[in-house]
Amino acid sequence: MTQSLKDKLIILLLAALGAAFLVTFIAIEEQAEIFALLVFAGVLIIASAKLGLTDKISQSLSRNERLLNLSSIAAMLVVIFWFHEDHFPLLMIATVLLYVVACCGLNMQFGYTGVVNFAGAAFFGVGCYTAAVLGGTGTPLLLVIALGGVMAAIVGSILIIPVLRTRGHYAAVVTIAFGLLFRTFLEVNDTLGGPQGLPVSGMNLFGWDFNSNIQITENIEFSFYMNYVILALIMVILTFILMRRIERSWIGLNFDAVRLDETAAACYGINIKRWKILSFTLGNFLAGIAGALFAMMLGFIAPSNFAFSDSLILVSIVLLGGMGSIWGTILAAGLVVLLPEKLQVIQEYRFLLYAVVMILILLFRPQGVLPRNLRSYIPGWRG
Amino acid sequence: MEQQQETVLAFKGLTRRFGGVVALNEFDMELTNGQIVGLIGPNGSGKTTSFNVLTGIYEANGGSIEFLGQDITSWPAQKVYEAGVARTFQRSRLCLELSIFDNIMIGAHKRLNHGFMFNVFKRKALQQQIKENYDEARKLLTIFDPELADKMFEPVGSLRMIDRRRIEICRALISHPRLLLLDEPSAGMTHEETRELMDDILEVREMIDGLSIILVEHEMGMIERVTDKCIVLNFGQKICEGAYREVASNKLVQEAYLGGE
Amino acid sequence: MATASALELKNIYAAYDSADVLEDVSLSVPAGKITCLLGSNGAGKSTIIRSILGLTPPRSGDILVDGESLIGLPTHKVISAGIACIPEGRKVFPKMTVVENLRLGAFQESSESVIRDRIDQVFEIFPRLKERKGQLAGTMSGGEQAMVSIGRGLMAAPKVLLIDEPSLGLSPLFVKENFNIIRRINEQGITVFLVEQNVHQTLAIAHYGYVLSQGHVVAQGTAKELSENAEVHEAYFG
Amino acid sequence: KDTVKVAFIGPLTGGVSAVGVGGRNSAELAVQLRNADPDAKYEYELVTQDSECKPNVGVQIATKVAADRSVIGLVGHYCSAVAMGAVDIYHRFNLPMSVWGAVLPDVTYGNDYKEIHRVNGTMINQNEVAAKFMTDQGYKTWVIIHDTTDYGKGHDKYFSEYLTENGGEILADFGVPADQQDFTAELTKAKQLNPDVIYFGGLTPLGVRIRAQMDKLGIESQFQGVSGIKSDSFIDGTGELAEGVVSFLEGAPLEKLPGGQFFSEKYKAAGFTESEEAYGPFAFSAMNLILDGIEEVGPNRKALTEYLGNIQDHDSVVGKISFDDHGQNTVAAITPYVIQDGKWVVWEDSEYADGTRKLAGL
Amino acid sequence: MDMGLLGQFIVNGMMLGMMYALVAVGFTLFFGVLDVIKFSHGDVLMVGTFAGFSTYLGLGAIGIDNAFVQLVGVLVVAIASMALLGAIIARYLVLPLKSAPPLNTLLVTLMLGTVLREAIRLFYPDGSNPKRFPALLPTDSWTIGSFNLRADSVILLVGGLLVIVGVHVLINRTRLGMAIRAVAQDEETAKCMGINFKMIVLLTFGLGSAVAAFAGVMNGLYYNEINFGMGLLLGVIGFSAAIIGGLGNIYGAILGGFIFAALQTLGAVALPFASAYKDVFAFAVVIALIAWRPTGLIAEKTSERV
């Protein structure tokens, strides 16, 4: 068998395995089964690492990015259609996807450019509130989503000056303070619903009501969440492409240079401010669009969704995945969103267990589950 | 040739203080097209500071800097680079997590198209530009070390110190600057390695039209071999200027810097 | 060799992650003498120093100080055994003043008066440091930092002093001065293990030397032997 | 017997988890008792979910529960914001449910969904009674402190409204975040205004802090709370300072109801380690109501909804339950309580009512 | 406003400021050593308070009811147990991660905070409800007009001040302090100076956590109420205080703590239309302050150079 054929088979196999895993993971409810599945996956991963398979696989993957991307999308579609009439799994999948988009935004900010942002949930929230306010006004809803992003970017610009002037922990405090301020403001101020929150009207695209089930034939009915999942998937794909293209371009290089050594970057003509502003704004934009769609899907938002702890969840996804790593973000988002939900069976003990699991993962993979690779501008091209 | 005589850089009364320390004191200097000037002086005499003030990292407390007829005294670092000044750092400042190619491309900043549309949507054109620059970087790196040129996509962090220095110099040269500032490029190298490095730099100079160099070095062999003129600093003040032989025989210089025989 | 060795490396193998750096290196540093280690860039000289200090513990082999093995000891215990080091690339503590840096050099010394005396001695050698007592070391020029680093190494008053490229970035005057200092230290009875690029001046003060190439000892002998050794000559004297 | 699933939702983690766990235990107790009853037609299985008191999580798990067609009825929500977000979902999926703790009026009155019911009273009833009761005692001036959640703000709104109607005067009104520790600034200002009463709209943790800090600053005013502080932990938290604190709770006092004693005994007997807290009896009643319905009309959502819609004078441990056309229990009597010797005592039975002891400032 | 009232606000604000400053000092210590934000700091504080509280209950159970003995017992147990906990955290969570990106340490400590919080909530008897912390200090009070000063407040203020001064002296005037700072700046070189790196890290975390325990007990004594969530906000505020004051400087922590307290008090008092906005106000000022002084009010001296 030729190497390239082998590579392709490996990828297809992996995608199939991934889809199967996801379907099982989402479908099962029993505590023992969940536990067994997690242990099984863990053993599989450790074993393949010990056998040196992981390296080989990752080489195969990096040689065939296109196939990898396509088969991942295919696997995702399989999972989605598998659950086509199960509302809750679809809702969870869509949530994961939207978290991926928001976390890509954060990744752009501190994975690439090193601009820390502990107010991710606030910018996500700006998107949500934009959708809530504009939702009933008859604004085309795709536009509402875009405006959610734009609003997040605009609100973010309040912070531009302190963000540009500060670094490291000092910058962290700027965003922490903003996150707390944002939530308190929403709670105290009644114009946006106050602490009670606001209902959000659902998505309606060219007369297609996103909030009713889709009747395919007499017997087949798709959950209305299918609409959102598909839209969220498209959003993820576009975000993925954007992130990739930025990373593999001079812009990505400038971002990295700004993160790694501002002084040297300045001495080589890199305009620190320009790139920081771009990445901060773009990052907030992504968080905002994710928020807007999320609000429409959920139908209801309240300030307590955008607390500091929610921002920390976004940050932990980025760190757990590995800074700047998009695949890592996807994996980590799945883990962070689905795990606590899967642990519902153990009720009040689940956060304890969840936190313990996170600590263990980080102790064994300090760089994140899938650390970012060196930049390769053109896949497969090595000069 | 007239162009040869054109003044590239001129310091006039350049002064910089840190608290009580006067790092540069009324420093005057001139550099003409294609010249290699050695900037020498005891430790802490202000050599690195003069680079930092010139490249806009520190502000001058007094005096002026003229580059190609423009007053660039208070320009920010980015603008100074755009005007054609590139430098290396006394302590290597490469991005260790990035590949060799990435690091060199940081130096090529002004030749690259940084537009959002271009980078995100015009992938074909961008990839074309990447490949062109790759070839160029490779050519340059080959002059210094052909072996390194084969490792373009390896992280700089895995390389030896000496290779990092070479890459840093390539990063400075890739933009075809008019003025190159080298701060102790040979530190930590053996005589042999130092000589090779200097030969390489001279070779590159031939390629780049009208490249002038200011070289800070404590390795007198190197200074003697490559410089057209030397300037000696002590306590931020110029104490002597001239060809190396002249300077080296100056009493003051011997006392303060070389140490009498 | 007539004198007992203060420090002895036996069949050391060392590596970083995957890259093997030292292979079967054995050398001995006679007590009370200056022993130098020559070799081109990346030969593994600094790695030897790191191995001795326990920063890059060797994979196999033995390191002895006065006959006691250092293998497995954490770095601070190695220092307690009477070893001090002037590390490669200066490595001053940037956010501390010159005096604090010097004090740290004598960290394992608890007598305040001894420390004061030693600081005074260092100031005598480097008057520039006295002028700049209170300056944060990180803001000093390259050469000034080198002085801090050397001064700090002297503060420990060790049995064996490991010195890794001390003249890096020093002015010619100071390089000369530096070799004088090393000689003087040695005359006070401290064993010196010196890594240098500056072959001429190094061999001029060293008693004994080793040449390292790609992780192997390729030549050794007295300073005189080495400077007459044709191979060494070719490689380093050019 | 066929197995039928019923569900419970409440905050099991986070700041108000004590109430949530108490509610869950009570609901579980109802199911246990029913399963132990040989006359029951079905075997019941309880599904419990944690809302974390966060609307987004609440909406998700509401979907989870509602989308599971095998779940026939739900007892849900202590946090009003979560309930507000979730009601749409229950309506969409036609899942009949009863709220067991959330007190925001809009949960029932903000919509016309016939699936939504509530066994406990709203904050409207409570504050109406509270304002009248306190002015009747002879108090004239108030300083209000409330947390800025929907809960605190709602109480603030209704209490202010009814207080003005009853002729009381509000000297100042402070909104504070629900996680604030230090109230000395607000209280110092309050002290300067010297009100007869300090009204606190919020939950136990904050209530404890405010009561303790009032003492620090030497404030002698009467302390008046809302249903959110009517818990044993308020007394545990404030110790001797608890004496004389008044609060109001919907429903007749447990021990006065025929089933009240029964509930308390059974709860103790079931061996739960956590207290049932103030709203445990409501969760218990709501669950019983749903179980009664299923027994009567069978495991069918539509039928159960219908059944609940017609509930009038239904016996429960919190008194008779009658739903109005919004599904709100109308006979929610409000009982004033006062703390006497480290216990919550129904006002009428207390030494304060007969004049042996006096509330602060009277 | 009359003077008595003003005095009252100032004393209250100072108590609050002291509380924040103590937390901020802890943060400054951790930055000092490993350049990490230790987000579990607030929760360690909380656990410390609960440890003290349990000691009180325990002493009560064996019949010791002398307030002074109780106080000493509470303090000793809280401080010692948290010092131990801090060292354990350092040993098993922080040291293994020292070569990972610093933000990952942040994440781990964040998760650890959750573990501590949830553990107290779930496993401490009736842990989810607030507890009444005993008043172990003399409660005599002096009243002048509307000004009311209590002895316990004064004792706590002085105690807090002593601890901060003590930490400052320890860091800047002792060999241990020098070692701590050295380790923070360059681990390897510090080792080469003969410093026992591991020991120093453990000690620093022990010290920082001990300070947190002290702050926690102080919190309990002052407010007479403790609960499992008390550390969360206190941690965030303490962190912000350390930052606005300027890292690398204990005085910065004090300054930051007092500024934050002043802002909150001012916000509550001087925003008559809506005291609920006081946190919005305080955090907005924090952002403005940082924009104005990007490295804190007492700026770190630059030690980097090119």
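Letters A, B, C, D and E name the chains as they come in the text, with residue numbers starting at 1 for each one.
Here is the rule we go by: contacts are C-beta pairs under 8 Å (C-beta built on N, C-alpha and C of every residue); 3 or more make two chains touch, one makes a residue touch a chain.
Nothing here was measured: the structure is a model prediction, and the numbers come from that model.
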item: Minimal step count in the chain contact network, subunit A to subunit C; value: 2
item: Set of chains adjacent to subunit C and to subunit E; value: B
item: Most distant chain from subunit C, judged by the mean position of its C-alpha atoms; value: D
item: Distance between the centres, which are taken as Cα means, of subunit D and subunit A, whole angstrom; value: 37
item: Whole-Å gap between the CA centroids of subunit A and subunit B; value: 43
item: Separation of mean Cα positions, subunit D and subunit B [Å, integer]; value: 74
item: Multi-chain contact sites of subunit C, meaning residues that touch two or more partners; value: 139-140
item: Residue numbers of subunit D (touch at least two other chains); value: 13, 17, 21, 148, 175, 177
item: Residues of subunit A whose C-beta touches two or more other chains; value: 184, 187-188, 263, 348, 351
item: In contact (per the touch rule at the top): chain pairs; value: A-B, A-D, A-E, B-C, B-E, C-E, D-E
item: Subunit E residues touching subunit D - in the complex, by the definition given at the top; value: 5, 8-9, 12-13, 15-16, 19, 118, 121, 126, 128-132, 141, 143, 146, 148, 150, 153, 219, 222-225, 227, 229-230, 232-234, 264-265, 268-269, 274-276, 278-279
item: Contact set on subunit C toward subunit E in their complex; value: 53, 55, 74-76, 79-80, 84-85, 87, 91-96, 100, 103-105, 107-108, 110, 136-140, 152, 156
item: Of all residues in subunit B, those that touch subunit C in their complex; value: 18, 21, 40-45, 47-49, 90-91, 160-162, 184, 187-193, 195, 218, 220, 256-259
item: Contacting residues of subunit E [partner subunit B, same complex]; value: 306
item: List of subunit B residues in touch with subunit E within their complex; value: 48, 52, 57, 89-90, 93
